[in-house]
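In the part that follows, the structures are each spelled out as structure tokens.
Presented sequentially are two complexes of subunit A, the first with subunit B as partner and the second with subunit C.
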Partner chain A sequence: MSSYAQPHSRVSVLSTSSQSSVEHLSPAASSTRFSLPSIPTTPQPKPAGVRPNIYDRNLNKTRITEVSAAAFTFLFSETVQYTQKRVSGINDLERRLNTLGYRIGTRVLELMVWRAEGQSKAPKREIRLLPALMSIHTQVWRAVFGKPADAIEKSVDNADEYMIVDNDPLIERYISVPRDMSQLSCSSFTAGIVEAVLDGLGFPARVTAHSTPKAQYPSCTTILIKLEKSVLEREEVLK
Partner chain B sequence: MAIYGLWVINKAGGLVYQRNFADGLAQLTSNEYLVLAGTLHGIHAITSRLSPMGSSSGAQVIEGESFKMTILLTASGTKFVVLTSLAEASPDALLQKVYEIYSDAVMKNPFHTPEMPIRSEGFDTRITALIGSG
Partner chain C sequence: MSHHLYLLSPSDTPLYSLTFYSTRPTSTVSSPLAGNLPNWSTSAFAGTLTALSGASSSAHQTSSGTVRMGGGQDRHVIQMIANASLDVIEDAMKTQTTMYFKSVDKFNEWTVSAFVTPGNMKFLLLHEGKNDDGIKAFFTDVWELYVKTMLNPFHTAHTPVRSAVFDTRVRASAKKYL
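Presenting the complex of A and B:
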């Protein structure tokens, strides 16, 4: 009995597997697999109030795409804690936060260029330093933090240094840096974003963050931009 | 009408924050505060089991002759305790505000270790703005 049943079952296994492989190769099957228009024809009932998937949203509509500030601060807090466990000192921590911000900044610049293309009739790329800094101060800040920064300053002593001042940076609103790490500024993350945007626009610079508390703004932060020499030389030529 | 002091007790019964705002109660050493907080933690655990109607939030107000103690137990097990005069109108609303400040200035601060004493400058300044320096 068993010697009879074994070959029979084997044959049946072979036959089903060969059948399925034929199905995979048949053009009819592959067309149903890859045809995109067939997907929307099966509408799925969506519960009311559910927003579309983030990949399906329009990149140019900014009003409805705000995220929760509380969720962001928790995420950023975890980011700082995670990073802090893996570094050897404050400089290292700031450098890593800067790198994380840099990765965001490249995307921010790309997104802003895309939005400018879609919205304005004459989209342009900033090629002069001061308009570029102004657009970082206003547009980048508004896109990332929802409000423009508070000031742009030019260093009196060094011609290659510019500063962007934020009186109440969103990412530091709930952060109290302990005294033994007093020179740490978590806005290095923001500095990374600025550095990436400047790099992307063709103004290579070294950007750092420094907390400069004032009486009425205890968490006031200065983003210091130290431009590369080539940028200043080009500005001279363009004058 | 006076707010004497504020305690924050972690879920294990340890005192993680203690601050006095007004004179009127006996001054204690920090060790005595730790013992009192641990005792309150135990009493609170007992009171939460005394209810004949199933689960209970435990003691909410403990009144003495010269002061009362209002306790807020949060979902995470952290307790906020405020010591006030008997006439203090709404210690519950005050505790809710303290809870809000705690969630903002302590839990969102990457340099705070959960269940450890609160050494967050932002928490101190916000509590001062809410209650006064004392």
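Presenting the complex of A and C:
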């Protein structure tokens, strides 16, 4: 019978106390009632919505943290679908994805170089084309995708064209392009990032993405960089 | 001792400017032209003319508290000197691999130092006198603050910087190093 007596006594305690004051209805008091782990009240938890200002945060804090691939894939899939509803063709879609990537690229460049050079006594800039392309191939890819790109090639036919090859682009891993849109390459987004980095470094270029499937790498993608004439002229002068 | 800082976008639009008066005593570089020129004070453009001619001493009253007129202290003259130095900076950018350009340009009593970020943002500082290490440390601070501003998804390379926190931080850094 004692097992029945216990709840009764509790109810009676509650009823008398609730008559005496309404304070006991507050969450702090009810925690004893439901025997939840008691919340320490002295260090007030930060009110929701107030987050540390960006200027108070350390830029190196997120250096080695990673983003969930699943979450990113969902976001990117929504991005592509959203964009697709608002364009008239594949070219337009690729151009818009490129623009979105460009916004990322400007930030990637500043942040990446700050992390590499910010603490050094004499921070360096890149003014030659080939080292800049190499740093895109390794550093930018590592900062964005966590691994260097698979190859960098120079076009045989055109002196102003360079290609960066990624055998398994992260952003296309869960994308299958319909047959009637086979020209579409969602890596236009990556192309935008590359374009922004090149622009920032002072090598204006037109960057596009093309699917170049191989036997063992069906989603292999080539990022084609077509440099502006002024870049090659400057390289000649600097030689 | 005043300092003028300008942040310029890759297309050379000013995004942020700051005038900072430091109280530190530093030897000012005297202009060789000063004193050899007639007094322009009757002209309506006295300030501009004296400033451009280099007769900086004519209107300087460096004793505490008094406002300095002419002699390169006018806002529009300062802006013009900053603008003119852009050509020199762009030339230097093409051949030098550093981000910090120490005393890249000189005009009368003003020295221009610059800092170019990888994304082609330019920070210009007009200063009198020498303070290389301080200016470099100051630029490094401004760079970090700018990168943080840039990480705001709503900010572009062409958006003026209006954040009050940014302003406070830059002023604090200026106070520390300049």
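A few notes on this one:
Definition applied: the second predicted complex is superposed on the first by the 172 of 239 C-alpha atoms of A that agree within 3 Å, B and C clash if a C-alpha of one lies under 4 Å from a C-alpha of the other, contacts with A are read in each partner's own complex, and residues count from 1 in each chain.
Throughout what follows, a residue touches a chain if its C-beta (ideal position, glycine included) is under 8 Å from a C-beta of that chain, and two chains touch if they have at least 3 such contacts.
Since this is a predicted model, take the numbers as computed values, not measurements.
In the overlay built on the shared chain, the residue A:I54 is in contact with subunit C alone; subunit B does not reach it.
In the superposition on chain A, A:Q216 contacts neither subunit B nor subunit C. Ranked by how many residues of subunit A each touches, subunit B and subunit C are led by C.
Of the two partner chains, subunit B is the only one that A:P178 touches; subunit C does not reach it. With both structures placed on the common chain, the touch criterion links A:T73 to subunit B but leaves subunit C unconnected. Touch criterion met: A:I127 reaches subunit C, while subunit B stays clear of it. Once the two complexes are laid over each other on the shared chain, residue contacts for A:R234 go to subunit C alone; subunit B is not touched. In the overlay built on the shared chain, the residue A:W114 is in contact with subunit C alone; subunit B does not reach it. Residues 104-105, 107-111, 119-123, 125 of subunit B are the ones that touch subunit A when the two sit in their complex.
Looking at the complex, you find that subunit A touches subunit B at residues 70, 73-74, 76-81, 84, 174-178, 181, 186, 218. Of all residues in subunit A, those touching subunit C in their complex are 53-55, 57, 59, 103, 106-107, 109-111, 113-114, 117-118, 122-127, 200-202, 234, 238. Of all residues in subunit C, only 10, 93-100, 116-120, 140, 143-153, 156-157, 163, 165-166, 169 touch subunit A in the complex they form.
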